[in-house]
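Chain naming follows the written order as A, B, C and D, and within any one chain the residues start at number 1.
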Amino acid sequence: MKKGLKIVTIGGGSSYTPELVEGFIKRHHELPIKELWLVDIEEGKEKLEIVGAMAQRMVKAAGIECEVYLTLDRQKALKDADFVTTQLRVGHMEARIKDEMIPMKYGLIGQETNGAGGMLKAFRTIPVILEIVEEMKLFCPKAWLINFTNPAGMVTEAVLRYGMWEKVIGLCNVPIVAIKNESALLEKKESDLFFKFAGINHLHWHKIYQHDGQNITRQAINKLYGPDAKPEKIVANIKNMRFLHEQLTQLEMLPCPYHRYYYMTDAMIQEEIEEAQGEGTRGQVVKRLEESLFELYKDPNLDHKPVELEKRGGAYYSDAACEIINSIYNNKGTQMVVSTRNQGAISDLPAESAIEITSVITAHGAEPIHFGSFPPAQRGLLQLMKSMEELTIEAAVTGDYGTALQAFISNPLVQSGDSAKALLDELLDAHREYLPQFNR
Amino acid sequence: MKKGLKIVTIGGGSSYTPELVEGFIKRHHELPIKELWLVDIEEGKEKLEIVGAMAQRMVKAAGIECEVYLTLDRQKALKDADFVTTQLRVGHMEARIKDEMIPMKYGLIGQETNGAGGMLKAFRTIPVILEIVEEMKLFCPKAWLINFTNPAGMVTEAVLRYGMWEKVIGLCNVPIVAIKNESALLEKKESDLFFKFAGINHLHWHKIYQHDGQNITRQAINKLYGPDAKPEKIVANIKNMRFLHEQLTQLEMLPCPYHRYYYMTDAMIQEEIEEAQGEGTRGQVVKRLEESLFELYKDPNLDHKPVELEKRGGAYYSDAACEIINSIYNNKGTQMVVSTRNQGAISDLPAESAIEITSVITAHGAEPIHFGSFPPAQRGLLQLMKSMEELTIEAAVTGDYGTALQAFISNPLVQSGDSAKALLDELLDAHREYLPQFNR
Amino acid sequence: MKKGLKIVTIGGGSSYTPELVEGFIKRHHELPIKELWLVDIEEGKEKLEIVGAMAQRMVKAAGIECEVYLTLDRQKALKDADFVTTQLRVGHMEARIKDEMIPMKYGLIGQETNGAGGMLKAFRTIPVILEIVEEMKLFCPKAWLINFTNPAGMVTEAVLRYGMWEKVIGLCNVPIVAIKNESALLEKKESDLFFKFAGINHLHWHKIYQHDGQNITRQAINKLYGPDAKPEKIVANIKNMRFLHEQLTQLEMLPCPYHRYYYMTDAMIQEEIEEAQGEGTRGQVVKRLEESLFELYKDPNLDHKPVELEKRGGAYYSDAACEIINSIYNNKGTQMVVSTRNQGAISDLPAESAIEITSVITAHGAEPIHFGSFPPAQRGLLQLMKSMEELTIEAAVTGDYGTALQAFISNPLVQSGDSAKALLDELLDAHREYLPQFNR
Amino acid sequence: MKKGLKIVTIGGGSSYTPELVEGFIKRHHELPIKELWLVDIEEGKEKLEIVGAMAQRMVKAAGIECEVYLTLDRQKALKDADFVTTQLRVGHMEARIKDEMIPMKYGLIGQETNGAGGMLKAFRTIPVILEIVEEMKLFCPKAWLINFTNPAGMVTEAVLRYGMWEKVIGLCNVPIVAIKNESALLEKKESDLFFKFAGINHLHWHKIYQHDGQNITRQAINKLYGPDAKPEKIVANIKNMRFLHEQLTQLEMLPCPYHRYYYMTDAMIQEEIEEAQGEGTRGQVVKRLEESLFELYKDPNLDHKPVELEKRGGAYYSDAACEIINSIYNNKGTQMVVSTRNQGAISDLPAESAIEITSVITAHGAEPIHFGSFPPAQRGLLQLMKSMEELTIEAAVTGDYGTALQAFISNPLVQSGDSAKALLDELLDAHREYLPQFNR
């Protein structure tokens, strides 16, 4: 095994980068990274320089042997890479804000990864990721792609199905946050509980088992959502609204925070509209947050990740990416919840699909812990959403209008008929610049 | 094979009965029915007597050897039956009207077999059908059950899964009407085309093949829903609203009329509200229609099916039931679209499910023509709806509130969260009398 | 639909041709064939001329408007064909005799479609059929391929998987003979019974249902193989050896005659060896039969199919091919047992496999009547044999030695280890001339 | 979590017990066993006393707080147990020797877990294990059953399917030995390689991945079975015969040692016959080995596991059982290859089957690392063997003769037809005393 690893981070100018760098630093004794390449595009040059300089300070302060390179030349960066991470945002925060605002005009949820907004993000992002994959085939055919660009599940599936690239793992922080919060709530150490997650990105369920093998999911449901429950701490970017207790009792599994969009649609839209009228949409809030983060990063004396980064919503994300790389490199067998190919691990979904599932990360990549099949309440929604994802990915790749329309109609957070068509048309038009495939 | 068949029709006082009798008369040369038992309950006694007398006149006029019996004693009727048909309505037309009116208050579709109304109908009907199945086990264990009580698909699945009764076929006239209309539209004889249907009751798709093996579904889509299409003739009980042409082109299959509830939800609700404010809900219209039919049936000189019956919405239904019986009895191999057990004929749905599919009716019952799997646009909705059906059936059998709530939330025609709960509570209360399982 | 059909029969010089011609003649009122092209290769020229002249006499005697063409130019024949039938034998009867004799030296079964012989036949035949398919793509892309060349199941699967040609139906006379014999034995009309077959070519099972829907398979088992059973009449080319009654009772299905090779291997080998020492192998017997048939065909006064043809072993084959063509052309919905793509009709086998199953023949081709899954006793053998078929087909296409060896080891009628390798080597060598793919 | 664990070992008089005790001793710091109950039956009393006394000496020498109880009262032992291990042998070594000798008379393999012998062992063992499960339901309903009684896969499946007991894990040392030997051969640390096993007990395949994610299975095949390979070290109880290199190259997986019975049947039988004529059958050898082990155990000064035990053939078995218990108790996530319920982890086998697969052992038991589907060469044999197992288990439970016969005929190591029947009859007769279910 070669001694010094080369890591390439595409979208290196992201505000997340310091967490990633911190993650690499703290694992340096077992993960000997020699080169870290931060890559961005022309429009992101300024941010890349700010955050890149900070990364260089962090590495220097840590006193480890590792060079941080900044570049706009992606192909040069990819040459002989061992691991490539992607954390890019096509169209920047402005595109996100459109994804949030336009559906809201139609009385619909506007959100980065769910509903019409998530689909448009997929339309913009998937072609760029597939382009990167083609370059990886040429410049670093043995590298692993660790993606944490949203919509992470659809991106992973696109890489598998259309990119024909097997060495990919998709990553999301939602399960990590759930494990941390629920362990605390149950007053247990994380390592004493076994969490079994399965589903797709932003639409998964999980069960919890205790030390002696007992399934304690129902107790967790009662603690979290029962009559005496205290408000749950969840990921920063979605509202904490109490689930119906009778519904969760029937599910006998814990949903993910994003289930609120499907299980309490009306209340979520109303909340979102109020929020947009108050502090602004989540995109607008994050934009402000990022601006202040970059102000911090400019400080030439700052050489460690600032605590403010945790408010950004993606806490643990980058650290998890480091741990995946570490676990592959050292065949550690760490249990993590990641997006990977189904192959039948969830019997209810097509074998070629990407799913999000508790996996063991080995030298061979993500090995899903087998799940089997869901009861009907979970199954139907999951299958519907996967079919919506398939249509969305196909539309993103082909630019076919009918397929995009079908994807919209399939999405329970979008309406059907003429109103679906009007919304699709407006969104395609608003993002025209980033959707060449639809304008051919 | 015994010479004279005994047929039992439960809900014999229905306005459909004359079509059934006509169907038996015209097949008498190959289907030697000796006894036809029309069974109803106390509240239906008057209607049973009116329509029963008319049935007796019809048989007499036809000059065939067959006795028509009228009875309120179901068990006596079932004794040694060869075929049992069910066409009952628990709670009568009043219950249907509630199913239509209450959801409308919540801005939702109120319909006999779709949305909240269809689920309540299932809650009322399934326990009664399962009671009949238990009696069949005792009194006529070799008989076939031909069900055309709605929701026909869920009833069939309940009989298979919970009644543990294999000899059941569910029947609906929607595919029959489609075959007739589309053949006419394409200017072909029915026998020159091969129609391949698959899905579930009131949610199926089909393809059409021509004489030389060519798939002409796309031509049919264009003729029916293309820019120059003339308004399509569909089943009487749902509005004819034009599907989006781009959507159907992507589907490459023809949807069923009820797909309008899912593919153009808003427009359908608006239409329905207008209609309710005009001539009344469909239930109210049908109630008036039925009253005038029974006036006709009272005429002691009427001894044949009156043409007015066709407006009733269930045209061809009863005739199809006769043909199923005929095709089983004579191992004819007639192709019909029926509800039967999946066993893998549609790979996307559980093996134990009831599906609606083009089948060959043989001595062994309905043998589905294998379908395989759907593309994602059809697949997701179909799988969601099947999971909703499973939950609905389970709730109907167990009376479990959480399961009923989950069924509601799973249904795309019902909202989620608190509003789903409020609607469910109101409906359970309105139908309390017919839902003993929920009041235990 | 065009008025006059063009049929092309590849291997037209076969002794079966008169039955085919007879079949077309008797269906001429509904199947308007205008041109019948009999195609053969240089080595078969003489036979083609003899049987071709006879075909011309038959058509003339029948007084129908149809031209019979004889040619060695396959591509010319294929031009604009509507249906292509294949009944060829690569390497002629000499190759068959080698397939029979060589395995016998190793104490193994030597047979045309089972064991090592059948695999070698697949190695020789599949590349030729795939060549024909490529020509069909160019010269008659809308035609149907009706294959009755053995091994018919593997050939069909090769056409589907490697030829990427969907319009293919494989045909075998074994089920036809079983239906005829068992109906007679049960003293019923064929049309009064429903036979449900499923499996793969030469390895299928069936159930029988009676007029009133009752499963009478067990009665049939007792009549055929019970203590008082009279020897069963089966297809001419395999020995009639009594199955173990206890075994069939457990199966609750009727096996096909070829199951004897698997269910009573030792006895069959012994029988075969004795037979070879007596009248010669089946190939040798058939060779003599064919020679005397061709003597008959030379008679310029013979203008109808001679009764001697029925001894040939393929009785009903060609007639069934005519009926398939007729049923496609006229969308008749005839029930026939054919080889077609699985797509899930038998849940135990891969979706892309060819299976042999009761199907409805429509304008769209063979529509399998759904079967579902087998109990373990049938399932395991069926799955093993399908995997052996997959390996054999792959070896036939790629010429890969390891795959061929694996196919041999997978076959329960071949031994494993060094003896499998020795047998394979000897057979590849003996047929070297017809196996260019293995010599690259 | 309660402080002191109670472990019950059924078949406690086995010669393996010292390894088990050693395993518990060395894990005592994390696995606080307070009571170890060794249970045996009347006939095993003497051995129980010998080995039990030794176990007591070992515990005492280790200075840990743990009581070792010896008893013939199984129900008393089971009361409130936390873990139950089973290592029993119905009919003792004499029965094994019959299982080896009788098939050999028919020219067939005589072996403890494969072929006719393995099936008879299943017939004798399964009813006893199911009896234990029924007692566990009464006396220790929360306990885990760790089975290492052969045939371990069929026993596990019987417990799951017929015992309706989910908390069971089956264990075998074959994969452990393979991992150890192959790591050494490849000159790697075990922890640097990822071994992915899947299949069923004594019929599994595996792949090996290296540190950097590369699949090195082919290198391992070449090292083990290539032209320059040195003889491989395998489990003690089966002969080391070189696999065909071309075959393994095609498989692209490593087989298990028992595959020799299927991949080189003739050579194995010949070897076995020679061996039987020399030192005796494996059962006879083991019997002598055991006798000398018990002589050693009698030594009142012996208080640790003697090295001679490793020759016994079950090396690592008992230690692995300790590690499973440890990993469940401490939610350790250790990767082990165990028999557990499939649920779709191997797509080619029924969901309810027991499979043997690399799993993560957690608080929730064995969580299989998902495998997916096999290529045809592995798939067919695996499916055949699983169907044989299903039939064998069913016959063991029901005592149905036809099912037993079908199981025999399905087994590729048994012949078919009359000879299968004769062998079955002789074996049923020889073991009559232990097969009450067949004599009802």
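The rule we apply is simple: contacts are C-beta pairs under 8 Å (C-beta built on N, C-alpha and C of every residue); 3 or more make two chains touch, one makes a residue touch a chain.
Model, not experiment: these values are computed from the prediction.
Engineer: Return the chains common to the contact lists of chain A and chain D.
Structural biologist: Touching chain A as well as chain D, we find no chain at all.
Engineer: Where each step is a move between two chains that touch, what is the least number of such steps from chain A to chain C?
Structural biologist: So the least number of steps between the two chains is 2.
Engineer: Which integer distance in Å separates the CA centroid of chain B from that of chain C?
Structural biologist: 43
Engineer: Find the geometric centre of each of chain B and chain D from their Cα atoms only, then give the gap between the two centres in Å, rounded to an integer.
Structural biologist: 55
Engineer: Could you check chain B for residues that touch two or more other chains and list them?
Structural biologist: Within chain B, no residue contacts more than one other chain.
Engineer: Every pair of chains that touch: which are they?
Structural biologist: Here the touching chain pairs work out to A-B, A-D, B-C, C-D.
Engineer: Give the list of chain A residues in touch with chain D in this complex.
Structural biologist: Touching chain D: residues 1, 142, 144, 167, 191-194, 196, 209-213, 215, 328-331, 333, 335, 343-345, 347, 351, 360, 362-365, 367-373 of chain A.
Engineer: Along chain A, where are the residues that touch chain B in the complex?
Structural biologist: The touching residues are 244, 246-247, 249-251, 262-267, 348, 376-377, 379-381, 383-388, 390-391, 394, 400-403, 405-406, 409-410, 412, 415-419, 421.
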